[in-house]
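Each of the two complexes below includes subunit A, the first together with subunit B, the second together with subunit C.
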Partner chain A sequence: MNRFLKDKEHLVRMAALFAVGVVLFLILKAVLVPKGFGVYGHYRAGALADNRVRAPRFAGRSACIECHTDERDAWKGGKHAGVGCEACHGALAKHAEDPSASNAFKPDPKTICFTCHLTNAAKPRKFPQIDPKNHFDGGACNGCHSPHAPDKEPKK
Partner chain B sequence: MSSDRRDFVLTAGKLLVLTAPAAAYLEAVETGKAEEPAYKMAEHYWGMIVDVDKCIGCGNCVRACKTENDVPVEPYFFRTWVERYHVAEGAEHPDVDSPDGGYSGFPEKYAAGDGAKSFFVPKLCNQCAHSPCTQVCPVGATFESPDGAVLVDKSYCLGCRYCVQACPYGCRFIDPRTKTVDKCNLCYHRITKGLTTACCESCPTGARQLVDLKDPKDPVHDFLRDHKIQVLKPQLATGAKVYYNGLDGSVR
Partner chain C sequence: MEEGLLHAVQGFMYPNEVELQWSILIVLYPFTTGLVAGAFILASLERVFNVQAVKPTYRLALLSALAFLLVAPLPLQLHLGHPERSLEMYLTPHTSSAMAMFGFIYLWYLMGVLVLEIWLDYRKDMVLLARSETGWKKTLYRVLTLGVDNISEESLRIDDKLGRFITIVGIPSAFLLHGYVGFIFGSVKANPWWSTPVMPIVFLFSAIVSGIALVLLMYMLVCFLKGISIDMPCVDTIARYLMYAFLIDFSLEMLDLIHRIYEADESFKSLDFMAHTQLYTSQIIVQIIFGTIVPISMLAFIQVVKLSEAARKGIYVLAGLLTLMGIFAMRWNVVIGGQLFSKSFLGYTTYKMAFATKEGLLPAILLMILPFGILWVLVKVLPPFEEEKAAV
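Up next, the complex of A and B:
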């Protein structure tokens, strides 16, 4: 017993140093680890909310057809019913929020159809493709084809 | 006297118990958090179906993605891109090209009827459930969210590029403006608001479909059962959740 007590001074010093180290670690941890870290895993929980804040630029087809009912009726049930409005008309979330803020983009009927329907060997064979050399006469496609529903009655 | 004290203790106790919810309620009212949209992470698990046979290589998804997510337009930065495969009969390796990632479509390069098999493959982050990229991040700036999207914490990313090297699919890049990593986050800002991703919204043929694997009514369950499905590089066991239908064996 006495032998241990004889050495206690340096034991106390070591314990004090250890305690200081622990306190320093806890302070550094409190300062450096961001709020919410580790709630769901090894990351900041707030990063989930950060990823959500961006405002969408594509409104989605359901927003378009709320107002554009004529276009909706023409488009529904046709061969292009699976094609979203913004696939051709561009991103229009701003317009959907405030119709006066920006106008819908009117695609060029001489070129927009070729985005999809230009012939290409890598396209699925059953997909309708046009080679301008033997089909296109230089006019606008919507002169003959109705863009919203090409298989419904042809445009006069 | 003693009854007074008893009343006092009871009332004080009740008030004390009520303080915490009252404070929380007051805070919610003041900060407007009480009207948080009803998105519950635990009820969703996101993935995507890519139907290779439907892809026509129009590049709508690439353009829509760049618009929606402010991806730099220079042709080295993509959250999603489209590849064209050209496999001659019996060839050991396919010819693969992706001019500007498919941003401007695919100019005809191969003669029609040359006997080779040719098709388009859209690529994006595979939202792996056991993602190699999140495992190497030294600071926890990229992670798999509880609802199945692999996200980046841009305010915490060091830009060390470990994850860029770790991704076996080449889905990550360093944003030249912020010098932090960027990648497809499955339009997390859209899917948590009930919208589909920008690429799925603008795909004209339905070759890409956002799916919620936790939603029992999602047609994905029938789709996965009725088709022969493959993920990219299954041998790496990344738990990829972008399911390809009709994927050719030549696709790496």
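Up next, the complex of A and C:
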């Protein structure tokens, strides 16, 4: 080794160490970054296909009312007409496909209503809200209101 | 929303504002990176501007910067639910994410600047230690020197030149490191407490202040522990720099404050209310009075009145501690203060600090002790003071 390089040998080694680091990083990157990343955007392109093959878990209200005509008739003209069946009953695609194979979930009328109607200052003032402490001693809501077609002024 | 938190709320809060998401750990993050940047900038003064007086602290400042830099990302990691995923910001960085870009700035500063500069500066010592030590220590120093035993005059001259170059690159890098932390907060346009273009500069100068105070204290502490006599011209100079940096920092903060008061935009009433209530203690008392005005006055007093060495030392220790407390309070007021008010400007919440939880006070205390442990090891491996440091 010539004299010029001799005094710089430690720097050459340090540079080599950095180079090894960079190469290691690039290898890791190549190994760890999933295939198809960034093809459409900042995500793995294959995620789209993965999601597509998963069966939908919601059937949609139009499916429910094909069979449940009683509930449909009550629900259609009522105050909950804008609320989808599965907002209360949960995702029921399996049930809609084969009702005998999968039982539907019946929400608890004592608690389900509060997910939407519990008083909260952050909700729009026009939205009907109640405080269970001073709304008819907290009895089951469906004792007075029908869950599918609630009246504003039910018979007591 | 947790029912139990509601009594902590006054007025109107959106549900997602009731509980603070950024805890005391996020306060530590700008605090520790600030110490790093400040300590490094002080070290650079000696190197680039040849301020001989602060030379005794040069190496200690670099090692302190390294110790705190290694700890700086840990509070962020603890804050994450999946810390291991944070590394993905290196693999698939998103250029629009301020935090992802910080990862690169951090890595650059750590490897490209600090480690290299320390390595070059210590190379001669490491070679000598590799020659004189035995056993595993010899192996350690061998590895650290990368197996090169050459400390010829020419090689050391090259090291010095390169080290100087790295320092020159390092100063803007240190500015970038901490200015960037300020930018992360200053660029949150939804938060009027943070969103101001002076935030990076305020962060930077407060970083310099805290870093200088840290090095001042560390130097006096290490001298005390090792029984070395303190180099008074050195600490006098550092204390003077501390005062200057503090004056600039304070002016900038006051500028921002006056600007806000005069502009009095729609957020002002809400922020003003906060400064008089929840933040009164931490902002007015701890940060501004005891954390800024008192230490500045103490340091200024020394410039005017001649005091004995012992009195000066006492004042430096006290002023340094107050300074660190004040800068910590400043970070606290930024991070926590920025989350106490509603974006509707109609309500306020409170921060309930937990103790022995993942983001509580206990991990915060441990994280603040950790850098001193690292520094202790670093000082053992790479002694910052020795009889004859080659007169380069």
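We adopt the following convention: the second predicted complex is superposed on the first by the 99 of 156 C-alpha atoms of A that agree within 3 Å, B and C clash if a C-alpha of one lies under 4 Å from a C-alpha of the other, contacts with A are read in each partner's own complex, and residues count from 1 in each chain.
We take it that a contact is a pair of C-beta atoms (placed from the backbone, for glycine too) under 8 Å apart; a residue touches a chain by one contact, two chains touch by 3 or more.
Because the structure is a prediction, the values reported are computed rather than measured.
Peer 1: Have a look at where A:Leu11 lands relative to subunit B and subunit C in the superposition and call it first, second, both or neither.
Peer 2: The second partner, subunit C, only.
Peer 1: After the superposition on A, what does A:Val20 contact: first (subunit B), second (subunit C), both or neither?
Peer 2: Touch status of A:Val20: no partner.
Peer 1: After lining up the shared chain so the two structures overlap, which partner does A:Cys67 touch, if you call subunit B first and subunit C second: first, second, both or neither?
Peer 2: neither
Peer 1: Regarding the shared-chain residue A:Arg54, is it in contact with subunit B (first), subunit C (second), both, or neither?
Peer 2: Touch status of A:Arg54: first partner only.
Peer 1: Figure out whether A:Phe37 sits in contact with subunit B (first) or subunit C (second), or with both, or with neither.
Peer 2: Both subunit B and subunit C are touched by A:Phe37.
Peer 1: With both structures superposed, pick whichever of subunit B and subunit C touches the larger number of subunit A residues.
Peer 2: Partner with more touched residues of subunit A: B.
Peer 1: Per the contact definition in the header, classify A:Asn120: touching subunit B only (first), subunit C only (second), both, or neither.
Peer 2: After superposition on chain A, A:Asn120 lies in contact with both partners, subunit B and subunit C.
Peer 1: Look at A:Ala91 in the shared chain and tell me whether it touches subunit B only, subunit C only, both, or neither; answer first, second, both or neither.
Peer 2: Only subunit B; A:Ala91 stays clear of subunit C.
Peer 1: Please write out, lowest number first, the residues of subunit A touched by both subunit B and subunit C across the two complexes.
Peer 2: 37, 42, 120-122
Peer 1: Give every residue of subunit B touching subunit A within the complex, in rising order.
Peer 2: It comes out as residues 41, 53-60, 64, 67-69, 84-86, 105-106, 108, 110-114, 118-120, 140-146, 149, 151-156, 185, 187-190, 192-193, 195-196, 198, 201-206.
Peer 1: Flag every residue of subunit A that touches subunit B in the complex, lowest number first.
Peer 2: Result: residues 34, 37, 40-44, 47-48, 50-58, 60-61, 80, 82-84, 86-87, 90-91, 115-116, 118-124, 127 of subunit A touch subunit B.
Peer 1: Which positions of subunit A touch subunit C when the two form their complex?
Peer 2: Residues 6-11, 13-14, 17-18, 21, 25, 28-29, 32-33, 37-38, 42, 120-122.
Peer 1: Could you please specify the touching residues of subunit C with respect to subunit A in the complex?
Peer 2: Residues 12, 14-15, 90-92, 94, 111, 116, 119, 123, 145-148, 150, 152, 154-155, 158, 162 of subunit C touch subunit A in their complex.
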